[in-house]
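So, here come the structures, one by one.
What follows is chain A paired twice: with chain B in the first complex and chain C in the second.
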Partner chain A sequence: MKIRSPRYAREIPQRYRYEAAKTKSGKIFFPPRLVYPGGETATKHILAQTGKVLTWTIQSTGPAEYADMTPYAMAIVELDDGARITSMLVDVEHSTVKTGMRVRIEFRKIRSEGHEGLLCYGYKVVPE
Partner chain B sequence: MADVGIVGYGSYIPRYRIKLESIAAVWGADAENYKRGLQLYEKSVPGHDQDTITMSVEAARRAIKRAGITGSQIGAAYVGSESHPYAVKPTGTVVAEALGATPECHTADFEFACKAGTEAMYVCYSQVKAGVIEYGLGVGADTSQGAPGDALEYSASAGAAAFIFGTKNILATVDHTYAYMTDTPDFWRREHQYYPQHGGRYTGDPAYFKHTLGAANGILEKSGMKPEDFDYAVFHQPNGKFPMEAAKRLGFPREKCMTGWLTPWLGNTYSGASPIGLTAILDVAKPGDRILMVSFGSGAGSDAFIYTVKEPILKVQGIAPKTRVQLDENKFYLDYGRYAKFRGKIIRNEG
Partner chain C sequence: MRDVAVIGVGLQKWGERWDRSLRDLYCEAAQNAIDDAGVDHIDSMYIGCMSSGLFAAQEHLASLMADYLGVTPCPATRVESACASGGLAMRLGWMEIASGVSDIVLVGGVEKMTDVNGDEATFALATAADTEWEGYQGVTFPALYAMMARAHMEKYGTTIEQLSHVSVKNHANGALNPDAQYPFPVTLETVMNSTMVSDPLRLLHCSPITDGGAAVILVPAELARTKYKKRPLVTVIGSGHATDTLALHSRADFTTIKATEVAAQRAYKMAGIGPKEIDFAEVHDCFAIAEIMVTEALGFFEKGNGGPAAERGETALTGSKPINTSGGLKSKGHPVGATGVAQIIEVSRQLWGEAGKRQLKNPRRGLTQNMGGSGGSTLIHILERKD
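Take a look at the complex of A and B:
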């Protein structure tokens, strides 16, 4: 099992606390960048935690570490502050998933690195 | 000395449920017999992406919202559970990090069978009272396991409750605390064992009732109060029957216990049991109401608290999901197969 702790730790501000950046002109970047288009500066912005499904799909063949969750729903969600995230959509009957449905972010386990490795946490969306 | 009390509270109950009949059918057991004996009808089940850490974070976020503070104001974050996801690596650091409470935060994980949640609350309250911290977070959460076919499998469920203690804008003051504990071998799980062992009927009178009644009588004596002085009482609820029997023996009428009596539809949330019951009471309580809370953890001991509800509660009850709503609405029922898969009872090849 390859240990991926450093990468997991680097992403904690985004995966746990939804830390994004907002430029002066109002554009939201998630995750934040080192340099912004047009040389703009940006300040810390916490993503809105509710939004609506823009588009979605049911993933029937997932990676091995998601075997227990397959088939699962993935969605591109437009949050209420205008930012868009890609997220697993859980706690829902797949037959009821539709474009435009209201969702909110919940803190979930994203994956387990086998029986011995890290437990990786982050955001998923659930029906509001 | 300034009053110390609960300034924010929140609960989290997963949406999945399994009915007692679905479990009994697999083991050839008599569901009606279990329902009558345990006064239990269904229980909550965590999704395969939920554990003590995720539920603690959700409950704590609701508590922070009701407290009207930011995560960085929390000076201590304690999580009590018997199902911490890691054997070595704290639950509290993940929870504190997700809340934005790190790095200036004291964190510890508590364990004491079903009593770990009120322990976390007890220590938070004491830290605030001592003036060491301004705000402290105490969480009780569990995703407990019962061995397949064992009586525990019918009750072991999942849920979390979080409380923020402080001195400003108090929702309910902590008026008295009392702890009662002895070395009692009623229930245990050794290192590397997957499921706990218990002493069957020995878990009743010598364990649950001795300590629950011991702590309740102790705090009543210490405070000089009687059952008539309370509007609500909530006891640890390993099944539907024990808390009502404890109430009866103490002289509390059944109706004062109904609001916090969730186990018949929730199951035993272990470290979350009496704390989630308390959140259901706080959801509907009025200023001036007095609440008795007594937890119980095998091994064995009980923590008792007396709270008085204050005016600010009316403004915050509706701003986060209420416990009864989570319990009664948006339920997904699982069959035993999906339940076993969700709970990791089915061993698969890796990769």
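Take a look at the complex of A and C:
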């Protein structure tokens, strides 16, 4: 299943520039939304670049386009501004991955798509 | 609202059914249910199905299934809530009768999952998570539940042995169910040494890819009392439905299924009972950790006690709160859209006393819990035998 280019381009502000939104009450939404709970309004917020692992796994299997990367570590990360992301955790010895470990975001290739090998980018996390 | 009764059920042997198409699986289960109930027509029908488009390149199931069941122009509605599609079909069928709109409703579910290869099936299933913000990062469903398992283990001390006991128990039950995909027992050692899928979850902590259909016939309880009375009267006394965030990372607590807690509270309130009054349950054990978290969310066990309860045998056929007497998703199979309907079938059979070798001793109330994705939706029904 290929991602059509408008669909890819639409997410570039989040995948390349980590653009989120912060509501008046201080809650961060990543990605930004058109509608916020309680009718709140929000302004642009750039995600904190560091955070900690809340939970993690080592995937021995992955979707087809990620299969040649297995085994890889996957984590849910709480960034220092309170926002949360799901991200691959790379450049790490799997035996050292643990809950609470400090990580930072890096801009990385996520996958190559289709027979043409088109490169798709985004964020991964690495040990801080 | 009118009381609603289950009067007939139908399914077929589940598994890799290369001899059956998407439409065959639904229509076979549906016709079996119609014959079992002894009804001469249906007023309306539902089709719970997660992803016939991705699994079988076929949408517009309302027309397809009504056509191939030979009941056009009967109203037909296909509903989707990922792995909870069957439970949602049940709720809508129940509503349609409770409201007085229809008298005889066919509630069915189906998934044809083996007409695509493993990668394509994994892709289709992954669309029940957040494609842009989870799937794109390379996460799979086993990985999402593995992260829940890790959080549960670190918070409550749940062990891999306890997770494995869930699989052993469900296979022991499934071995007594001739319709199950994998009707054989497995040992604790086999489970704990099976192939690693997403640490700490191994292959035998995960439900399989399955072809299958399931269907039930619902009528007003009054009609069951007067016309369709070959069996003990079994009615729906509670129905609960709730949603939660699509992405797991957006949830405040990864160690509980909030949508299940809320849906359960709604169903208990409607039924006027609590978890202690439930004799047994069919729950959504897509992964072993899910059964543990769900039995806690349903209030059967305190938070953190789901694992120890499974290890002590409290959820076994002979335990104080039997869970997944059918074998659950693990052993019976998990044709996604059919699962929620098959849960209703197992509870009905137990309440009728027709569960064969896995029959419980005189149960009165059973609960079904069917959830979508990593817990983004939950459907709960409570059925009671009226003597």
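Quick note on the criterion: the second predicted complex is superposed on the first by the 122 of 128 C-alpha atoms of A that agree within 3 Å, B and C clash if a C-alpha of one lies under 4 Å from a C-alpha of the other, contacts with A are read in each partner's own complex, and residues count from 1 in each chain.
By our rule, a contact is a pair of C-beta atoms (placed from the backbone, for glycine too) under 8 Å apart; a residue touches a chain by one contact, two chains touch by 3 or more.
Nothing here was measured: the structure is a model prediction, and the numbers come from that model.
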item: Side-by-side fit of chain B and chain C on chain A, or clash; value: fit
item: Which superposed partner A:I110 touches (first chain B, second chain C, both, neither); value: both
item: Which superposed partner A:A64 touches (first chain B, second chain C, both, neither); value: both
item: Partner chain in contact with A:I12 - chain B first, chain C second, else both or neither; value: first
item: First, second, both or neither for A:T96, with chain B first and chain C second; value: neither
item: Angular separation of chain B and chain C about chain A, which is computed from CA centres of the superposed model and rounded to the nearest 10 °; value: 150
item: First, second, both or neither for A:M74, with chain B first and chain C second; value: second
item: First (chain B), second (chain C), both or neither touched by A:I85; value: second
item: In the superposition, chain B vs chain C on chain A residues touched; value: C
item: Touched partner set for A:Y121, first chain B, second chain C, both or neither; value: first
item: Minimum distance between Cα atoms of chain B and chain C in the superposition (Å); value: 8
item: Overlap of the chain B and chain C footprints on chain A, listed as residue numbers; value: 64, 67, 69, 110, 124
item: Contact set on chain B toward chain A in their complex; value: 15, 47-51, 53-54, 57-58, 61, 85-86, 94, 97-98, 100, 330, 332, 341, 348, 350-351
item: Residue ranges of chain A in contact with chain C within the complex; value: 1, 11, 30-31, 54-64, 66-67, 69, 72, 74-76, 84-88, 99, 110-111, 120, 122, 124
item: Residues of chain A touching chain B in the complex; value: 12, 16-17, 64, 67-69, 90-91, 93, 106-110, 114-115, 119, 121, 124, 127
item: Residue ranges of chain C touching chain A (in the complex, touch as defined); value: 119, 122-123, 126, 132-140, 142-143, 146-148, 150-151, 154, 195-201, 247-250, 254
